[in-house]
Each structure stands twice: as C-alpha cells, then as structure tokens.
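What follows are several structures.
The following pair of complexes shares a single chain, chain A, combined with chain B in the former and chain C in the latter.
Take a look at the complex of A and B:
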C-alpha cells in the first residue's frame, strides 16, 4: 500500500517535472507562433481598417484573392521557383557531396570553403550579386560584352522580368547547396565500406554501386532535405525580395498586397492562410508517400 | 556639415552651465514626470541623424522633462511601418515625411489635426508659403494633415556642355527632351540618353507627373471624379514609354543617377538634393568610377561636372509643369494627450530660426524653407559647404519660387482631392509604368488595369 502510494507520487512528480520542463517552450511557441496564426486566421474574415474598426465580411477576402489573376500568377511563379531550386540544390548538393567523399589533397580546405555561400549574410551576398550584374558598371557585362564579346549589347540580368526569376533560382541554388551537401556527406561517410567491397567482388560498375548502394542509403536523408527545402523555399522572402523584388512569388506578392499603400491586412491574412493550407497539404502528401512515415 | 555639427555641439556644451540654472528653475515649475515620445524621420543618412540628434539634445537640455527617441525609417517603408504601428497601437507621436503621405494618413483618420493647427498658429499661418500649406489641407478645408517644414523641386539635370556641342535645345519641352534622349543614347559606348523611373517605386511617379501635368492630364476633376483614362493621359504614358527606351537597361530607379556622375548619361530626373552630390567632388568620387575600378569602361570623375550641369525645372507641352515634394511634420493619434502636446512644442521649437537653419543646412538645395524670411537670411545663404554660393542666389530664388508652384494630382483648380494621395500611396502608376516599359504590356491594357485598381480603391 505504502509502496504503491510512493510510486504514484513519483509518477506525479515526473509528470509535474515534465510539464515544468516543457512549459517555457510551450508558452513561447503559444505566444509567438500559435497566437499570431490564430489571429491571422481571424483577421482573414475581416475588412480591416487602421482606426481599428474591422468589419466582418465572411469569405469575401478569400473570394477576392482566388479570383485575382495576379494571385494565380504568383502561385505559378512560386511553383517554378520551388521546383527548380529544390531539384537544383539537391542534385548539385549530391554531386558535390559525392566528389567531396573522395580522397584528394586539401580536401578539408575545399570542404570548408564550399560552406561560404551558406554562411555569408544574405544582404552582403545580394549586394555582391547586384554589383556584379549591374548593366552599366557591373563586371559581368564588362566581361561578356566588352572583353569576350559573347553578347552584343548590355542588358539588366537581374532586373529584366523574364530573366529575374532564373537569376533568383540560380542564386538560391548557389546559396543553399552547401546545406544539402553537408547533410548528404555526413550520411555518405556512415555507409559501411563492406557494401562497396562486396559489390566490387560481384563485379559492379560505378553506376550500379551508386544506384544500388549509395542512393538507397542516402534516400531518407535526401527525402528529408527535399521536404525542408520545399518548406523553406515556399515561404522564402528575403532572398527574392532583396535580389529582385519584381519576382512575385507568393510571399512577395502577399507583402505587396498587405503592406504597400493603404494596407489590406484582411486580404494579406487570407493569402497567408491559403499559402499555409497549400503547404500543409503538400507536407502531408509528401510525408506519407515519399518518407513513408 | 561636420563643422556645423561640431560648432553646434561646442555651443551646446558652452551653454550647458547656463541651461542647468535655467532648467533647475524650470524643473521646479514643471511636472517632475518625464514625457517620452518617438520621432520617426525619413532622414536615414547618418550625418543627418547626428544633426537632428544635436537639435534634440539642445531641446531636451532646455526642457529636461522631455525625452525624444529619434527613429530613422526608409521613405519607402514609412507607410507600411505607420500602418503596422496603427494596428498594434504603437504609433510614434510625430513623423516627418512627404505631404502626400500625410494626407493619406489623414484620410485614414490617424492624424491629430488639433496639434497641427496648434503649431501652425504658433508659427503664424501667414508666415507659411501658401502653396505648400494648401497641399496639406483637408478636403473640407480648415484643418491640416501636417505642417510643411521643407521641400524640394525636381527637374531634369543635364550636361549643358554636351547639349551645346551637339547644338541641341535645353530639355524643357517634350520635343527637346525626346530628341536629346535619342541623340545621346549610345549603348555601344555604354552611354545613355536619359534616366526616368521604370521600377515600380515612387520615383517613377515623380518622373511621370510633370509629363502628365504638362499635357493637362489629371487623375481627378475638381469634383473628385476619376478621369484617369483620358486621351491626354494616354499620350503622356506613351511619351514616357518612348523616353524609357533611352534609359540604361532594365528597370531603373533614382540610384542610377550614379551613371550621370560617372559621365555615362546625358539627362536625369532628380530633385534639388543632387546639388550636394554634384558640388562635392568627394561624394561622387566615392562612387563607381574608373579611378576606383580601372578596368571598368567609362570616364573618370569630372571635376567640372557642376559647371557643366544645368537644371530644367519645368517640362512644357500644352502647359508648363513642375514637380516637387513638400516634407512636413505630423502628429499621429496618441492616447496620452500630453505626449502630442510635448511633440508639438518640439516642432514649434524646430521653426525657431537657428534650429530651422541648422536643419535645412543638412542638405542645402534639397531642403528649402517653408516659411518666409528664411531664404533671405544671411546665415541661411552661407551654408557650410558653400553650395548656395556655387549656384548663386538667383538659382536659389528660382527653386524656392518653384516650390510655391508645385503641380500635383492632388490639387485640381484649387480643390484638394484626397483620393489622389491614396492612389499615390498605392503605387498604381509606378506599377503601370513598370508593366508597360519592362513587361511590354500594351498601353491601353495597362491603363485600363490601373483604372480598375483606382476604382477599387475609391469604393
């Protein structure tokens, strides 16, 4: 009797300790994440005004957004951006990881230098790119037009609407591949060497070894990285806005909608909710089908 | 600039013992509680920040029960910051920004017009130039959404020596501008004809307005009806699109003025703020020139640039039009009235002669007085960089006179049209110009879309 009571106490104490430990984090998440999300959903049903007199308008904000061709253009731009940057960073990161897994002189130095684009502050990197691609004073135009004669005339690579999206994609791949490479490399180093030796004995070529050993071994790492990259790039704002604000992906479109001129917070909120729903839908599908959780 | 700041600092410290005595006496009389408020300014440059801080320090030394926090806010972010401030109940007591913006805030109902009136009365309504004050008046008359403090006019700055050599007329009429832009556009030599704004930012509208106004094309008639989609407006838009072809490649904004300083451009739209950069070789030399980057194509900084540069402040076609902006102070609604009261007292102090001239000298030419008697003041004319001497008193008089005759979409036949400020704040015109010049959108389609946007706003 006495013994069971003591055990119960311990279990209670454990649970109290558990709550105590989780509480600070839960409070912070509740205040800084959940509250804004809920408030955002609430706002999306209102016509907001600065003086604080919000009027309930039901689903009108959603209607306005969904019937706006600009919105669908932004969805399309986002899709292009997310697909190409995710495929690009993953493939490029994988290739670099495979190369960096081989032994060669100064490998340590090269490995750490490769991380530079990822660790450099985005604002300084963006300005460096803008400087390089400036149509009048930039080094790129000077080199390709004046020195090498590849192009016949100068143009604004970052600014021109048709080129800007590709510049932001290449920028994103260049900036984020080190993360993919780092993750895959650490997985590669953990693959049992015996597998490759066995494959050698069976007479496998380089491609077969990659296809049947390396790829299955890194599958789940790559799968997780792709998921993370999709989430990050779907919501990406600062890289795109700073480099070329005329590339209107959803986040940039929402920013312009909500914050330029007289603010349409209600519509901005409904846009954010739609973006959130799209992303959650993708994540559920992906986690079930690709990561097989 | 630095000298004047140091001089002010020294004089502040020299006066400190005196003010202590004065302050002590004051303190006893005044409430012991300190009133603290935020002051948002669009003067984000660090040297200007320090000058304003000196003015604040001087003031708070005199009135130790006031604490003023100076917060720099980029011009393009001011609207969104004020709006988020309004939503979250953290509006600053006072802001400094363009009159247009303040009118749009006034329409939203977040401005304390009693406080602005209070300052206008303290300074004396008849002391203000009428034109700028009119820009801040409410549509129903009688109240003001801000108090004009300084202003600039915009015009086409051009290489007079190039024009002379080519035998071209100064760029004051549509024909002369178009002809010169075409003549000097030599992309093979990395030289461009003109700079007009083509990025979807305020600068584009600033460049476009004089073309629309000089073609008698407005946004609204004097009864406030939208008349944007008119043949006159279309003509102006088409002409602007034509000029944009002689721009440096891609979407451009005011930053491209560097190309002019480098001798790679013949004309550019800019405010009188540039007088500073043009006159100061060191500023221009700090930018991208072939002296700093030997391998870049282009000429090195030309010390004679000031002498060879002229400004055409008026664009003429069917009528004459100038463009400029009035920068004003305004007070945003506060729950605690004492805060607004303290802020309006501070603004009244900024109108006292010494404080006013110190402020205006931050950017001689760019910041021009809004009350009578300052422009003629000998201390005002003797700016620390000697820029006014360089340009001469006549040019300065012309600029200040121009300020009284600024044309804007917001005033039609003497009527204030508040909706025009909302259209400007929403950047509908810059977006339209961007889609036409950069995305190759058809003029009629782009104008119809802009009109639709404007109608949506007015509902």
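Take a look at the complex of A and C:
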C-alpha cells in the first residue's frame, strides 16, 4: 500500500517535471505557430485593410482567388516545379549515392565538396547562378551562342518566365541533391553484402542486381525522401524568389498578392489555407498509397 | 578483351565522378573568379582573372577606404607636414570620405550575427529541456507533444507569414526599430525550435537510462542529471543543433524582407545583399565578394561538424 502510493507520487512528480520542462517551448510554439494558423483561417474570411479594420466578407476571398486565372497558373507552375525538382533530385541523388558507395581515391575530399551546395546560404549562391545565365557576361550564353551555336543570339534567360522555371528547377536539384544522396548512401551501406554474393552465384548481371536487390532495399528511404522533398518544395519561397522572382509558384504568388500593390492580406490568407489543404491532402494520399502505413 | 572493357569502365566511372563534382562546385568557382576580376574582364569567359582585383573585398571589409579618394596632392601635404595635430588630420581625411556610396557590409554582417546567435542560443536552451521532457520522461500527453513537434516542423515560411505579420503589427512592434528587431528574433527562435526539439529528442533517446539512474541513486535530482550527465554526454550533438539553428536564422530572407522594410539600419545580410543587387547595376565584383563573405562563416562551421553531419541529417536536422 505504502509502496504503491510512493510510486504514484513518483509518477506524478515526473509528470509535473515533464510538463514544466516542455512548457516554455510549448507556449512559444502555441503562440507563434498554432495560434497563427487559426488566426490565418480567421483572416481568410475578412477584407483586411492597412488601417487594421477588418470586415467580414464570408467566402468572397476564396471566390476571388478561385476565379482568378492567375491563381490556376500559379498552381500549374507549382505542380511543374514540385514534380520536376522532386524527380530530378531523387534520381540524381540516387546516382550520386551509387557512385559514392564505391571506393576510389580522394573520396573524402569529394564528399566534402559535394556538401557545399547544400550548406551554403541561398543568398550567397543565387548571384553566382544569376551571373552564369547573365545575357551579357554569362558563361551559359557564351557557351550556347558563341561556342555551340544552339541559339542565334544572346537573350535574358532568367528574364523569360517560361525558361526561368527550368533554371529554378536545376538550381533546386543542385542545392538539394547532397541531402538525398547522403540519406540514400547511409541506407546503401547497410545492405547485407551476402545478398549480392548470392546474386553473383546465381549469375545475375549488374542491372538485375540493382533492380532486384538495391532498389527494394532503398524503397522506403527514397519514399520518405520524396515525401519530404514534396512538402519542402511545395512551400519553397527563397530559392525561387531570389533567383527568378518572375516564376510565380503559389508561395511567390501569395507573397506578391499580400505584400505588394493593394496588399490583399485577406486573399493572401485564403491562399495560404488553400495551399495548406492541398499539401495535407497530398500527404495523406501519399502516406497511404506509397508508404502503405 | 575483358581488360579493355574494365579500363573503359573505369574511365567512365571517373568521368562521372568528375562531372558530379564539377556540377556541385562550379557556381562557387564562378563566384570566386568573379569576385577577383576587374570590370573590363567580366566578359571574358575564362574562370581565371586576367589580373587579380581585391578592391571589392577591401571595400566591403572597409580596409583602406578612408584614404582612397584623397587626391595625391593632399596626401603629399599630409605626409610632409608633421606638425598637424591628429584632429586636423582627421578633419582633412573626413572631407574626402565618400560615405553615400559605401555598402555597409560589416554592419549587416553584425546584425545577422547578433540575430542568428541569439535566436540559436535561446532555441537551444528551450529545446534542451523540452527535448529531455518528451524523450525521457513518461507522462500523459507526452506522445501528443512528440507528434505535435513533428507536425509543427512542416509549417513555416509562407504559410505563417501573413498572420505573424498581422500579429506583430497589431502589437505595435513594427512601428519601432527595436520592436521590429525583437519581433524578427522571436520569429527566428520559433522557426528553429521544432527542428532543435526534434533532433535533440532523437539524440537524447540514444543515451542509456542506466547512466542516469546511477546518478539519481547517488542522490542527484532530475535537473541535476540534465546538467551533469545529459548535456556533457551529448555536447557534440548540441553543437550540431546550435549550428543548424544558426544557419536557419543566418539564411532567412522571407520574413526579413517583410519585417525590415524601411529599417535599413537593422538589415540582415540576405536583405542587404538583395538590396545591393537590386539597387545598382554592374557591380558583379562586389556582389560576388559579398556572397563569398556571407557563405564563409556557414561553410566553415559546417566543415567543423562534418562528422556529425550525416547523423544529424538522418535524425531530422534539416530544413528545406
């Protein structure tokens, strides 16, 4: 009897301590993440003005957004961006992981160098990329116009939205492949070597070893990376805006809508809600179908 | 036959490695090269500058700028009249100072440093205790908190920008420079908090319970074991988490661009660089030199923790 009471006390004490330790962090997250999410939904039903007066307008913001062809263009642009960056990053990351899984001289140095795109601040690398595609001095135009003759004259590639999106996609692959390759590599190194030896005995070639051993083994890692990549790239702002602000994916579109011109924050809020709902919908679908949880 | 196939395979393999490395580091080579070129050399596609020019770095770091614009005749005068007092000399030099045109790189660097260090430090303090709570104590609600952290981790950026901006402006924070700075600091804190909590939680779970139990049998309190056992045992992870948080704040542009509008005195580096790029044309050398100097601290920090990096990545230490 005495003993159980003591244990209860101990559990209670642990509970109090647990809540006490998490409280400061939880409070801040509650006030600055959870509350804003709700506040954002609230704002999306109001016409907000700069003076701070909000008037309730029901679903009008959503109507305005959904009937705007610009919005659908932004959705389409986002879709292209997310699909191509995710597929590109994953495929390239897988190739690099397979290469880096082999022993070769200077591998340590190569590993360090490959980390650079991932760790360098975005702001410090976008200008180098802008320069490469600069119409006057850039290397890309020099290569494609003077050396290879693919284009007949120099033009501003990043200034053309339809071309700029491909630059942002390649930029994103460049920036994020190190993460993907590291994650896949650490899984590759955990594969049982006996599997490959057994395959050798059965006379399997390189491709079938890759297809029937490597690929199934990395399936779930790749699956999770794809999910993370989609979530992150769907909300991506800086990597696109700083390199080519004419590529209007949803986040850039929202940014312009809410903070430039007439500053339609109410519509901006409804855009954020729509973006969030799309994302959650995708996550639920993906987790059920691909990761089969 | 077999041998020649092997050799061509090897060549193919090394070509692939070479291509991957080139793809990864080419923009950096371009950056270094441009930051060292003279303007007349920009059109030259070669990556090696015809003549090295470190003027851009000097200008950004404010080295030798005071006397740059002083005409030679005045310099002679200053050199040959030793009986001028210090104040007089300074007055003459100040006259020729070209203050309007200088990009205050060091000031922005300082702003970014203060903001990122403070946010990362506060985030670390809060998350050490928070992560300990949900990873090593058992209580009702513990698993909800754990899942909540993961959920919050997905939020950020553009999804919270409008409400947070509205909240800050309703509180009147945005009408003063100090208020704006504090608002941005708190936002950076909350942006790094979920990552830090999640990573540290994963690290703490790997520490055996028996060590902690032994300390508690010796009479150490829970808080005592955190300070004396948990923190020293996970110091390398704590440093890693600190650097991650620092980097998130150091790189942030979206919130800075909205909140700092109009307060040029407290611009962070990303804001400063962007405004430098937008404001004037034909300043590639300065932009590239500034890019280099912005990237350096982060790259240096990462190289020091490279060993922990891979582990850190797989335990969730990533953003974007």
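By definition in this document, the second predicted complex is superposed on the first by the 288 of 293 C-alpha atoms of A that agree within 3 Å, B and C clash if a C-alpha of one lies under 4 Å from a C-alpha of the other, contacts with A are read in each partner's own complex, and residues count from 1 in each chain.
To be clear about the criterion, a contact is a pair of C-beta atoms (placed from the backbone, for glycine too) under 8 Å apart; a residue touches a chain by one contact, two chains touch by 3 or more.
Keep in mind that what you see is a predicted model, and the values were worked out from it rather than measured.
In the superposition on chain A, contact is made by A:120 with chain C only, not with chain B. After overlaying the two complexes on the shared chain, residue contacts for A:103 are found with neither chain B nor chain C.
Annotation for chain A, partner touching more residues between chain B and chain C: C. Look at A:202: by the touch rule set out above, it reaches neither chain B nor chain C. In the superposition on chain A, A:128 contacts chain C only, with no contact to chain B. Judged by the touch definition given at the top, the superposed model places A:156 against chain B, while chain C stays out of reach. By the touch criterion defined above, A:137 lies against chain B and chain C together after alignment on the C-alpha atoms of chain A.
Of the two partner chains placed around the shared chain by superposition, chain B is the only one that A:260 touches, whereas chain C remains out of contact.
On chain A, the surface patch touched by chain B in one complex and by chain C in the other comprises residues 48, 52, 136-137, 142, 259, 265. Of all residues in chain C, those touching chain A in their complex are 13-14, 16-17, 20-21, 23-28, 30-31, 34, 42-43, 45, 126-127, 129-130, 132-134, 137-142, 145, 148-149, 152, 154-167, 169-170, 186-187, 189-190, 193-194, 197, 222, 247, 250-251, 253-254, 258, 269-270, 273-274, 277, 284, 287-288, 291-292, 294-295, 298-299, 302-303, 306, 309-310, 313-314, 318, 320. Within the complex, the chain A residues that touch chain B are 48-52, 135-137, 142, 146, 153-161, 246, 259-263, 265. Residues 79-80, 83-84, 86-87, 104, 108-110, 187-188, 190, 192, 199-200, 248-252, 256, 258-259, 262, 264, 288, 293, 295-298, 422, 425-428, 434, 438-439, 457 of chain B are the ones touching chain A in the complex. Residues of chain A touching chain C in their complex: 11, 14-15, 17-22, 24-26, 28-29, 32-37, 39-40, 43, 48, 52, 96, 99, 102, 104, 110, 112-117, 119-125, 127-129, 131-132, 136-137, 139, 142-143, 174, 178-179, 182-183, 186, 228, 231-232, 235-239, 241-242, 250-251, 254-255, 258-259, 265, 268-269, 272, 275-276, 279.
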